[in-house]
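Order of writing sets the chain letters: A, B, C, D and E. Residues in each chain are counted from 1.
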Amino acid sequence: MEYLDQLFVFAKRLMLDLLARFLPDWIVLVASMVISIVAILIFAPLTMMYLTLLERKVVGRIQNRIGPNRVGKFGLLQPIADGIKMLTKEDIVPFQADPVLHFLAPVIIVMPALLIFAVIPFGRGMTAVDLNIGILYFIAVSSISTIAIFMASWGSRNKFSLLGGMRTVAQMISYEVPMVLSVVPVILVAETLSTNAIIEAQSAGWFVWTPWGLAGFLIFFLCAVAECNRSPFDIPEAESEIVAGFHTEYSGIKFALFYMAEFISVFAVSALAVTLFLGGWKGPWLPSWLWFLLKAYALIGVMFWFRGTLPRFRVDQLMGLAWKFLLPLALINIFVVGFWYFSPGLWKWVGSLGILGPSFWIFTKLNRSYVPENRVYRLAEDENNETVGA
Amino acid sequence: MIFGSGIIRGMFVTLKNFATSYFRKPDEGGLFTVEYPEKRIPLKERFRSFPFLVYDGTPENLRCTACDICARECPPKCIYVVRAADQDGRPLRRPAAFTIDYSVCMNCGMCEEVCPFDSIFMDHEFEIASQDRYRELVYTLTKLLKSNEYFNNIRPRDAQAVDKKRREAEEKKKLAAAQAAKPKLDEPPKPV
Amino acid sequence: MNISEIKSKIESALPGVSVKIVSQSLLVEKPGNLTRVVRYLKDSPEFRMDYLASVTGADYLDYLESVYHLYSMAKKTGPIVLRVRVRRDEPKIPSLARIYRGAEFQEREAYDLFGILYENHPDLRRLFLWEGFEGFPLRKDYLQEDSEILEAEDIQWLEEHGIPIPEDIRKQAHELKQQGLRALAQKPTKESGV
Amino acid sequence: MAFAKNISAIDQGIKNELAQKGIVIATLNDLYNWGRRSSLWPMQFGLACCAIEMIATACARYDIARFGAELFRPSPRQADFMIISGTVTKKMAPLLVRLYNQMPEPKYVLTMGACAISGGPFIDGYNVLRGIDRYIPVDVHLPGCPPRPEALLYGLIQLQKKIDSQEIEKCEWYQKGLKRVYPVPEYGPHGLIPKYNPEVWRPRQEELRKQRYGQPILTGKKTKAPHLDVVTTAPSS
Amino acid sequence: MDEKTVTVQDTNPMDTETLEVNFGPQHPSTHGVFRMNIVLDGETIVSVKPVMGYLHRNHEQIAENLTYAAVMPYTDRLDYFNSMANNFGYALAVEKLARIEVPERAQYIRVIMAELTRLVNHVSVIGFLLNDLGAFFTPVLYAFREREKILDIFEAISGSRMMCNYFRFGGVKRDVSDADLEQIRKIVQKFPAFLDEFEALLTKNEILCMRCQNVGVLPPDLAVNASITGPVLRASGVNYDIRKVDRYSIYERFSFRIPLGDKGDVYDRYYVRILEMRESVKILEQALKGIRPGEFIHPKSTSFLKLPRNFKPPVGEAYGRVESPKGELGYYLVSDGTPQPWRYHVRSPSLINLTVLEDLCVGHKVADAIIILGSIDIILGELDR
């Protein structure tokens, strides 16, 4: 059990031990880094490729159809075929586009997505870099992708791209605020910014089982979905409105990179949500990394489920949701966690729920334009009619 | 009503469909897909794709008399008939060339409806695709001819009705011929 | 109410307007009077023809015609069919688009296909075809182009774009130009069946 | 060139022999073709009636996703092939040519339905283009009006077969200096200028329709107008 | 996609630049090859100019040169979602012109087919509307699942899934067998359950309500003045349904109600369609109960079915209209006594309902323009003809 749990850690240590026998220490250090990086570089694109397949399959099943199943057994080779095709496609740079920006954007957008992997604790002792400011690092790095997307949209010289880019910037900056604020309670309770330490702090119980944890989790997850431009917050690449948004003018491998960045960040934010609220790799019986992956994939599954079900918001509603609804709730949630921390026994529950419930209600009332109206429809029966003319 | 309850209800509908796609029957919310090249949806008897010409027995014995009605009534004008002639130039009651441009045909079934000789019918064959529209999609007489057995095979009800009608007409003709006792078989048809 | 009653009502209410009965419809004899008739039919409480169902043009060789089908949504009655005839060389009919918004696109369509000029129309442009299209294709004298024969302007365009032109095509176009002919549709070689 | 042909022929022979013995040799070429064939993303746009059948093909009953082709891309930059699903009018044709030019190589065109192939039932219209192959090369023609969704899948399989038969060293899009971009026709006073692109398409000598019917003058055949004024009895409603 | 110019509208330094965006003709959600020139201020629409004709395939010109019977398959291709309704309107117009009677069984078959078509159309339209709203194809696929079941029936009866070409002057092309009727009964029985599921997915969905309510409000007086018809008109609260007003065919025998909207926004247009489907199911149930054996075509009509060229209606004109799922579909015919009509005109609801597009869109966001277009329910084949 222990072996299974620490499989990857042992494997890495074994390799390093081998190297340490006949190489100086600094090389071993470098090698340690390289091994971690290579592992991430293999894992991330593989994840991305199979997430695309998973999405196609899941959405297919939701729609009562099969999904890809003819390329390889169960369509398992489908992502590879897609990859080969993308690699061999012609790369078009539009005539009027800014070639430098157009080229750099897809390169830059993949980087933050990959960088986030550094602080994700995949299992017990399986964090590439256990930064003591891991969460801060995540927030800082993930905001880079906004710039890349804006570069792509500006560099393409296409109106749909530009619209998509403007939407993206507005959306990502807005949603970052409630997202960060929803993480604050966790940091306050865990008294640390390190991802590993946050998981350790959840030994007694996952944060999601507390009122503030649940609220924080929901806010974080919604914002995370928005940060990845996933449905129902996918307005930056809204197909039905602005064709393909910021990547309208991208073809071939560059487009694949955008696709990859999207799916990698889907995995990254799910992993972070698991770390922050769902107890990370903690769980009985199974190896820790398996637990972690299971939880992360469950969240990703929910994202696919959203995609299969929900229509998307309009841009002003999207902003309203962030600023008028999620942000105040996140702020109140910080207050609630303080209450939780300092009040005894049952009072914790009564008080927290007593604050969160009414405030949720109040904010829905305040945002009345978002609440469905009840409509009345008349059903007209026969009416007399006479004919004039013919 | 709590804000968000409608969304959750919708989510359960899709979840239900996701789950039922694994074990229900196709028309009860299960997997609705028919995997085409291997499995096929049975074609309805009256399904019409493209016209073909029926012959009885051998391809020489075709029913078409080159009356040209189908060509005239064809809405997009995709049928071209040339009447055959014997050595003296007298027109015969058979086509020398019968061409249907499948790339223009609109599958309306008008030719089948107007044909007075039960010769032209709509086929079930829809798997036609080509890279050269002139060479492969312009169907000539040899490609158009199909046997009555084939017709009976794809559209049994219609074919049997046609066969019955033709048999009766044949018998009536025989009867009339026997009564007249002086058959005029070689009378040339009037040119159209 | 039958058609002759409607006719007499209109004529008595609107002095100076003469209406003729043509096959169960009312022909407004002077196109200029159309708006008055329509306004009367729309506003008078007896008719309340508030719904203009259809506007269409037609070409009768000697004249062009515009046909209107009026119904009443309020009283659920109708139709009253109005028609206006104009000369081919001066096809001007007052537009109903200011009275019925619904006439806007339909009149544009009739203009596009028949060349009937609706005066006072807010935006009388071609609806289906592009600006620069010559002729009005639903008029009975319209001849469409022969789509297989290239003409001089095609050749010129092809040359500008550097596309190699086979000699026979070039020759054909040249001959056409010399004869001063356009490659328009030709008379059917045989009874075309249509 | 003959030499290369020889070699590929020998290659093929050896490969077949080995395949019979159960050994599969995947060459670079096979991998290349397999990848392109298995991931054909169509461009998302519909022209007319056939578009509905195209949507039906993507829907649950037929599920084009099984072939990995359900990702209809709204942007031409990301599409691999174009399904021309419906009547191409003269007003639309220049845009189609432009869209074709915007697609990245390797690109394919599948005409779905009679209208896209030849004008179909609307062939005689003044605004209907008699086949999109006048301006851009077409890889698969799929007749029918509209073709059944199964027929579209069949067409897709045919396209896959065509891709399978291509060879990486002979693909035209890898030839130097060759880019399949066709000039966009312009609107003229009677139709498009030019009427066709002789580089892509030439009129056939044995055009049956023209022989039989000439170019039918559609409008302008009748010379006697009806006189509605003399009609006295109303059609009963 | 093609023009890339940013126009500066005014020289006033306080003005922001407006952006002219070209939606279509190739655009994922213009329902075909429709084009809108939208001028945007940020994301807000300043003006919308529809440009059409990209599918103008000369239906009227071609029909004026065909025999009356040969026009029938062309009407299928007008509104290619509901060929049966198009056939119905054309058959009515010609029957009016040539004074042809229709036997009772044929009337029943016609009503059944027309109402099935209405189900197909409305359910697909709602699916496409949701697609425009950004739901990733799921509602469309559920809608098309039901559509396939109904199309199977159309195929069994008429021979083609979409282009039915089924109606004839004085009846229908073929009789409907009892097995087919049984199949229709089964579908009609199951349809309400599907509608319930569909509604559970959509009707109360907060995002859908947010997006659709109070967007694109069409006031009733403008709707009447702009000749809007069909569900769009009724969503604005105007009680006008040609099935009730004209009582064509045998609609007066069925009891059904006309759902009327409250506000006339996109949501009402969506929900009126749902309610209309429920009413259609009622009509279908009654029609399936009432259908009796009999002639499916008038015996006099069979003579010119075999030789369409001999069918020459007397000189005159006729305007036949039906309540197609999109609105009033009218056919205006002028006969000159020859086998071909002298003038043939289609009053297409899709085109005329678009008149108010700009009024509905201005002041809303880009995304709204698309759902407003989706809720008006246009079909390019009928719009451009």
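The criterion applied here is as follows: a residue touches a chain if its C-beta (ideal position, glycine included) is under 8 Å from a C-beta of that chain, and two chains touch if they have at least 3 such contacts.
From a predicted model like this one, the values you see are computed outputs, not experimental measurements.
Steps from subunit A to subunit E, taking the shortest chain of touch contacts, total 1. Using the mean of the Cα atoms as each chain's centre, the chain most removed from subunit B is A.
Relative to the C-alpha centre of subunit D, the farthest chain centre belongs to A. The chain pair with more C-beta contacts between its two chains, of C-D and A-B, is C-D.
The innermost chain, defined by the distance from its C-alpha mean to the mean of all protein C-alpha atoms, is E. Put simply, the C-alpha centre of subunit A and that of subunit C have 58 angstrom between them.
Subunit D and subunit E, compared by their mean Cα positions, are separated by 28 Å.
The mean-CA centres of subunit B and subunit D are about 25 angstrom from one another, to the nearest whole unit. Multi-chain contact residues of subunit D (touching two or more other chains): 44, 59-61, 63, 66, 74, 91, 121-122, 124, 126-127, 145, 148, 211-213, 216, 218-219, 221-222, 224-226, 228, 231, 234-235, 237. The multi-chain contact residues of subunit E, meaning those touching 2 or more other chains, are 27-28, 53, 56, 58, 61, 64-66, 73-74, 137-138, 141-142, 145, 148, 163, 201, 204-209, 245, 316-317, 334, 340, 342, 384. Within subunit C, residues 23-24, 76, 79, 81, 128-130, 137-138, 192-194 each touch two or more of the remaining chains. Every residue of subunit C that touches subunit D in the complex is listed here, in rising order: 20, 22-24, 60-62, 128-130, 132-135, 137-151, 153-155, 157-158, 161, 163-166, 169, 182, 184-190, 192-194.
Looking at the complex, you find that subunit B touches subunit E at residues 1, 3-7, 9-10, 12-14, 17, 27, 32, 44-48, 69, 72-73, 75, 106-110, 113-114, 116, 122. By the touch rule above, subunit B contacts subunit D in their complex via residues 32-37, 40-41, 49-50, 75-78, 80, 99, 101-108, 126-134, 137-138. Contact residues of subunit D toward subunit B in the complex are 60-63, 66, 114, 117-124, 131, 133, 138-145, 147-148, 150-151, 153-155, 157-158, 162, 204, 208-209, 211-213, 216. By the touch criterion given at the top, residues 59, 62-65, 96, 157-160, 162-163, 167, 231-232, 234-235, 238-243, 307-317, 369-373, 375-383, 385 of subunit A touch subunit E in their complex.
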